[in-house]
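These notes open a run of structures that come right after.
The same chain A turns up in both complexes below, where it pairs with chain B and then with chain C.
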Partner chain A sequence: MKVDRRSFLSFVIGGAAGTALSPLPWKLIDDSSIWSQMWPWTPVPPDGEVVYEDSTCSLCPGGCGISVRKVDNRAVKIEGKKGHPVNDGGICILGLSGLQLLYGPTRIKTPMKRIGERGEGKWRKISWDEATVILTEKLTDIRNRGEAHTVAAIAESDSGTVPALLQRFMTAYGSPNFIRTSSQVDADELAVKTLFGATGRAGFDLENADYVLSFGAGLVDGWGSPVRMFRAGSLWKEKNVAVVQVEPRLSNSAAKATRWVPINPGTEADLALGIAAVLVSQNMVDTGGVSGFGSWKSDLLSNYPTQKVSQTTGVAADVIVDLAKGFAKADRPLALCGRGKGLVAGSLRETAAVYALNALAGNINRTGGMWAVPESDYIQWPKAATDKLASAGLRQPRIDGAGAGRYADSRYLPNRLADGVNGEGPYPLQVLLVAGANPCHDLPDSKNVRAAFARIPFIVSFSSFNDETSAMADLLLPDHVYLERYEDVPVGAGLARQVIGLSRPVVSAQFNTRHLGETVIAAARAMGGSIADAFPWPDYETCLEETLGEKWDTLMETGVWVENDIDPVADTVRLAGMDAPAIQAEGDVDRFPLLLVPYDSIRISGGTIGDPPFMIKTVADTVIKGKDGFVEVNPQTASAAGLTEGDMATLSTPRGEVRVRIHLFEGIKPGVAAMARGLGHTAYDGYLAEKGVNVNELIGPVEDPSSGHDAAWGIRAKLAKA
Partner chain B sequence: MSTLDDKAKGVMDDDAAHAEGGEDTGAGGFIILFFIIGFAASMVLGWVVFPQFLYSQKQQPFSFNHALHVGEVGDGCESCHFFREDGSFSGIPKLAQCTECHEEPMGETEDEAIFVEQYVTRDREVPWLSYSRQPDCVFFSHVAHVVGAKMDCVTCHGHIGESESSRPYEYNRVTGYSRDIWGKNIAGFKRNSWDRMKMDDCAQCHKEAGIIHTSSVQTERDACFVCHK
Partner chain C sequence: MKHEQQHNPPMKYGMAIDLDKCTGCGACMVACMSENNIPFREDESDKLVSISWMSVFKLTNGKAFPDTEICYLPRPCQHCEGHGGHSPCVSVCPATATDYSAETGIVSQIYTRCFGCRYCMGACPYHARYFNWWDPVWPEGMEKYLSPNVSPRMRGVVEKCSFCFHRYQLAKNKAYLNDERTVPEAAYQTACTQACPAGAIVFGDLNNPAHQVHQIVKPDPRKGNKSRNPRAFRLLERLGTNPKVYYLSSREWVRRAGDNYLAHEKTGQVSNVHH
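What follows is the complex of A and B.
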């Protein structure tokens, strides 16, 4: 038998016929189509029981209620809680992206001790017991040497039980150095104290206002409680409320306003006082609720004639008069301040001037007006007893100088921390505890901050994330993230009522992290003596429940406690605090002809939390492109420097120099350059790290002469072709 | 001319001689034989060998006796495979449901011991392999069929409720899905309504029952997105 060509072909044909009559080809076609429609690597949401868990978002000070959709035990979506007094179902882009913080790769998963060089990223995993021993031995050792005051703690907030526990720990331990990170809250508290003579904060009944005059407040860029502001913005549109945005740059808030008034950067206080002068001179003021009007009036009229104000601010005289008339004619006009999201404290002069406008309109403590809201007072713990070592430590001056001498009017001065550590302070700092703050990225003049951190021998970070500050730490004691923990969330953020939200664990702790409250209580108990005595609670949950008292049941039931009936701290406004000189931008005009101002965007998280991946993807490619950050300039400014759209340029200021791309923008004054705040991270994940420029590398703090708060609104700068 | 003609004739004769030559008799038979060999081999490959290669087997974490459980519970299948308040179907029970009865070992079988030791005491979900899981592109509502159309579980799932042990889980190596979707029969033939659960089977049942939805204006049938979300 010889297999020839014909036999072979016959075999092949027979094979083909047989194959066609077998299921092989047809089944493979079907299977490959199923396979290609459902690539095994495509993520598929889990199937299971769907439940919603309510909690409170604490990623920003806004205090929104959230409803987290879960499938079995996996949180799959965060929604705004319907009917919540702050956000009523709405949610912002950061709140929406919260699950990427919970499940993302940037979590610190267990307590760790540094074993490599600082910042090298070499860590050894340790147990919580070992971590507590390392921390308490270090602290006890320092305290026994009588140097308790050389320990400092920096936190994002000073209200609520968790910051209060940390503050209490510092007091019982014997350090005066509890520092709250900087924000508009600093200037707001000081302005309320100055104008109303009592401690409290300003609240704004925005929903009922009929004329809104914003001095740079990013109404839809994240100012106050962002979702509440979006809703207020929609309401104003519906009711045809005039919204005037005074700002050097055409921000989203300016674009959404009914009128944009471009102004020379940093001269908002002058405009507010100029408007006040017009109101006074034209007898359009209601002086019923103000005191000290007589002497204030004469100073005002002599210092702020409209022509002079027009020259300072760059706003035409007739516009100033027009704004004054609009403000005076309205029934419930509201003036607001705090640049962008209000991340910088700002000056007392500016804040007081803007608040004074509300007072002169007679719009204090009434519907549609500005309210002097008392601080929430539900934390009523007995004073922590201090032993001899603690008392001695507490008598020492603060490292940042706040509360004494020329800084007597301030409570915290984080902007002075770096200088304090770098040799200007009364003593060297030995330990820094960092809770819910990221000073290595967020404090102005990053170079100086880095130098300061290098000098502190021992840094403890409680951060849940691999941020810039935890990268510089020696000991990592990671806190649960907000979706894993119980916590009270008292909301300020310009609300004209008192609101406390309850953060509840939506999912169980995903990693070997521990609630900061537990860590503080455990450390205090381990240290024994009067420190342990100051913490009588067995655990944080007991502390929270006992502290909230009768509010606890309401909070457990509805997730939020609201007091609408505000008892204002005072009704009369004493006109004061507006005499200080204007805050100038740092730098020499000849060497640095431009003004650089940072701006805030709702798409870029400006606080402690860095942008999660979802959020950074929404940032336009005129803000960051690849790794490059942009600076916005007017085409005139660019052409003078020989630059066009997308060009690489060197932007230098007295504090630093960076390479940026140019974005031409007609909505910015010639001579001004603007850069987004919140970028240029070096830590976090590949989605965020190394993208854009951290504006804090370029801007240093400028002290408010009235308080020492950081009042920097910009810095002088120079742009050259790279 | 003649030379050419001779040559041509010679070639023709040669051809004829070749065709009639003794050594080539029966060549047609060989051709048919090779055809049959090829045909038979590919048929064996396609019908017998291919299914062996296409599917792989896994064992369930431990054997489950449906018959025993159905006898113990009061509400038939729905005692464990129930509908949640929102109408969604619970599917394979979670550990929490099992431990309502099985906090302690019940009975002395080896499977019970595995269940309690490996899963109950360690609080781990049992990684059951679902025979009936449809591909991810398929949206199927149990409530519409069981509660709405009052269909019996057996219609689609067969007599699994009477099984005394868990059969091996067979899955397709290409798609990763259970063999039960295509059905045991590689040709796709079925004898019972539960033998296969491909889209044609959905369509067949809907057609037989006269349930033709008209959510698609174009086709006057159900739109693709009713089932393919």
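What follows is the complex of A and C.
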């Protein structure tokens, strides 16, 4: 039979039509969907013996006790530890997501050495021995040239044995450049030193307060020890405690407060001093516990008349008087500060003014009051002996200028690190060690920070994760994550008692990582001489056990050590530190008519840890949509710029320009724009990277004239249709 | 006397969520995700397809600055009883993949029975049900944290909050081993209740006067289980879905946001329920 074109087409079309009319295609589609559902790519989690192991979470400074559910050797769930003095069973969203960090693909799995260009992401895996050799040869070489001071270390904390070991290493090595990342702790320590004349921190007996006046502190947005704050918030509701939130934006804390007082951004100190002036002028103060009241009083009354304060702050005069009366009438009123989560140091003037309110209410070192808590002192190591090279290095000024000259009152100035490296410092930096910090994302003015990092010839990252800073590093020496390691976790975070938690390995190390304490001890031993002598411990665990002494048994047994009986550093408050001028936002009012302020959300990790996938999943579609970030503005502000909900806009500040979407929010002062902090990552993985905008690209540091700490609360900005 | 087999009285597990305490922190959402092996994708910003058994909604009073107020409302499955177990979703499921338990009052979801017609999603007035448009994929290594108590779902099925039913089963087994006739209140708590750092969620048996949730809600069986607590309300209460999740708020606008009231209707007013 001859197949011509016609019969061929008839056959094909007829066949197709016939098949389509038969049940076959439908059956096949149905079957294939059923078959593919049966394919084994949906995991079946293996069963096993269930045990709970307790530890301490150190993802934020909160210090919560956790209880980890394990099935055989797998950790499957993190829960809050019942009966723990900090969180008593509660847990926050970040703590709950911890296993995504432990098992996540953003872990750095082995020590690595850079082989490509910086930031290119080309690495060669090396052994720990090789890593130690690379590090110690580099450091020894620099030290032998008499340049030990050109090595700096930046860490998230300076309390606890691990940061202390790193600090000790720097001292024995001969560098004055140990830097702690910036936070409200800086201003708090300085305010306690200024007001009480001694070293310590402020602790707040929030649970027993009966009136709470918060100057922007994100009481339920992650301030202090977050879970403790949530619990306190519920307690206040039950006891009908008045909570006043002073803030330009209706944050969650403002929404939960009994009263929200919108204020012009950056004028919180003026309001605090204005309230103080009302208290003083109406004779509603308790001056028993304060000194220097006479001279301070006359300055206060002349500088902060209610009308003037009302004009500065945008808070009506009768509201100011009302707040003062409420504060004075309460038995145990507490004033708090530290914007949002307290991630920026803030100014001494503001912190001192707010703490002074507590002093004027006579609410110092008593139940329901503010306590001057001494620093924990359980680390009692003999002073590290320094050889000639080390002593010479230690005599050099710090790269960030802290502790000398006009910065004499500060201990660390990470906000000045970039400028120091970029040529303003006394010498070029040769090596930077980064531990538990992510300065390339978290420091203000990211562009400047990246430029500074590009100038540092050798960067060592101890980070457990592929963050922005490890992407810039030359050597990666990954630390265990908190669920794999022993560590003491001293808790400050505004607690009115002393608490030390113990982190212990819940699972064995998942990858070829090493405890930072071990890495430091190993490096010191390899370098020999006085450096090795400063580290007499064979390993970190011995160091920890010896350091904790009698507390060790308690910690091993209960996981936490608590001292409720606080011996305050001082009882009298000297009224000082409030004369400096107000911190102004950078930028020209005419060119940049708006004020951009960052805001903190408990669902967006603002610190070193990047948001795990679970947390990002809870972020609203008015904060991130696809890859786009949003800026929140009042509808009035938006319509003035011809913008409406969801519009793409250009947001520019003196430091940078980004494209963002508009989210209209009635709960924000007209003229103010707000943007979530903690987004806009470039590193990590597809679940986090490139989502939203890093607000640090837009905001630069503003130095507090009293200390040099970063006191930037925002920046001037402009919005235009994109 | 005729011997009668003794049964436990039926339980009715339910929740009271105090919106005055809820801070919108989202811990309940993540507690649920990690307890129930809920998958996630690179982009979760399309909330129509983002699976979150517990979802926290943000309500506003609609007033302009500075009178604006916001309130967060966590929304698990409401475990509607309807009338005699006639929940909206159960009544439409052609596969009996979802059912109302007369023993516990929990609306179940059996993934292996579900064939993905999604009628239940259309029927649910609370958007509490989610469809798996894709197979779940965990990034390499992360499947290690999956819990064996809850099976991961495959593409093509509907899932929703189960009031952590696996926890009930475990608690029941434990009670049996301890020779207890009933599951103690503390022994069975959902993951969200346990995690909530503000203590805003109270969970228990609404039928048991000894349970805290009963004491808070004080349901009135003559009025379709409407709460006797003046702060309490349920979502879309007037639909007659008879949900077992109660909300508490001292703010009238929040209670009013729980239903579609006509301008002249009073908040909490139940006009004639039609069956």
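Note that in this section the second predicted complex is superposed on the first by the 680 of 722 C-alpha atoms of A that agree within 3 Å, B and C clash if a C-alpha of one lies under 4 Å from a C-alpha of the other, contacts with A are read in each partner's own complex, and residues count from 1 in each chain.
By definition in this document, contacts are C-beta pairs under 8 Å (C-beta built on N, C-alpha and C of every residue); 3 or more make two chains touch, one makes a residue touch a chain.
Here the structure is a predicted model, which means the values were calculated and not measured.
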item	value
Partner chain(s) touched by A:V76 [first = chain B, second = chain C, both, neither]	second
Touched partner set for A:R6, first chain B, second chain C, both or neither	first
Chain B versus chain C as contact partner of A:D377, first or second or both or neither	neither
Which partner, chain B or chain C, touches more chain A residues	C
Contacts of A:L21 with chain B and chain C, given as first, second, both or neither	first
First (chain B), second (chain C), both or neither touched by A:E550	neither
First, second, both or neither for A:W35, with chain B first and chain C second	first
Partner chain in contact with A:V44 - chain B first, chain C second, else both or neither	both
Touching partner for A:E117 - first (chain B), second (chain C), both, neither	neither
Touching both chain B and chain C, residues of chain A	37, 42, 44, 47-48
Of all residues in chain B, those that touch chain A in their complex	27, 30-43, 45-47, 50-51, 54, 84, 86, 88, 90-91, 94, 135-137, 172, 174-177, 182, 186-188
Chain B partner contacts - residues on chain A that touch it in the complex	1, 3, 6-8, 10-19, 21-24, 27-28, 30-32, 34-35, 37-38, 40, 42, 44, 47-50, 72
Chain C partner contacts - residues on chain A that touch it in the complex	33, 36-37, 41-48, 69, 71, 74-80, 87, 89-93, 96-97, 99-100, 102-105, 107, 220, 226-227, 230-231, 233-234, 237, 250, 252, 255-256, 260, 262, 510, 602-603, 613-621, 624-626, 634, 636, 666-670, 685-687
Parts of chain C lying in touch with chain A, wherever the complex brings them together	20-21, 23-27, 29-31, 33-35, 37, 40, 42-47, 50, 52, 56, 58, 60, 62-66, 68-72, 135-148, 151-156, 191, 194-200
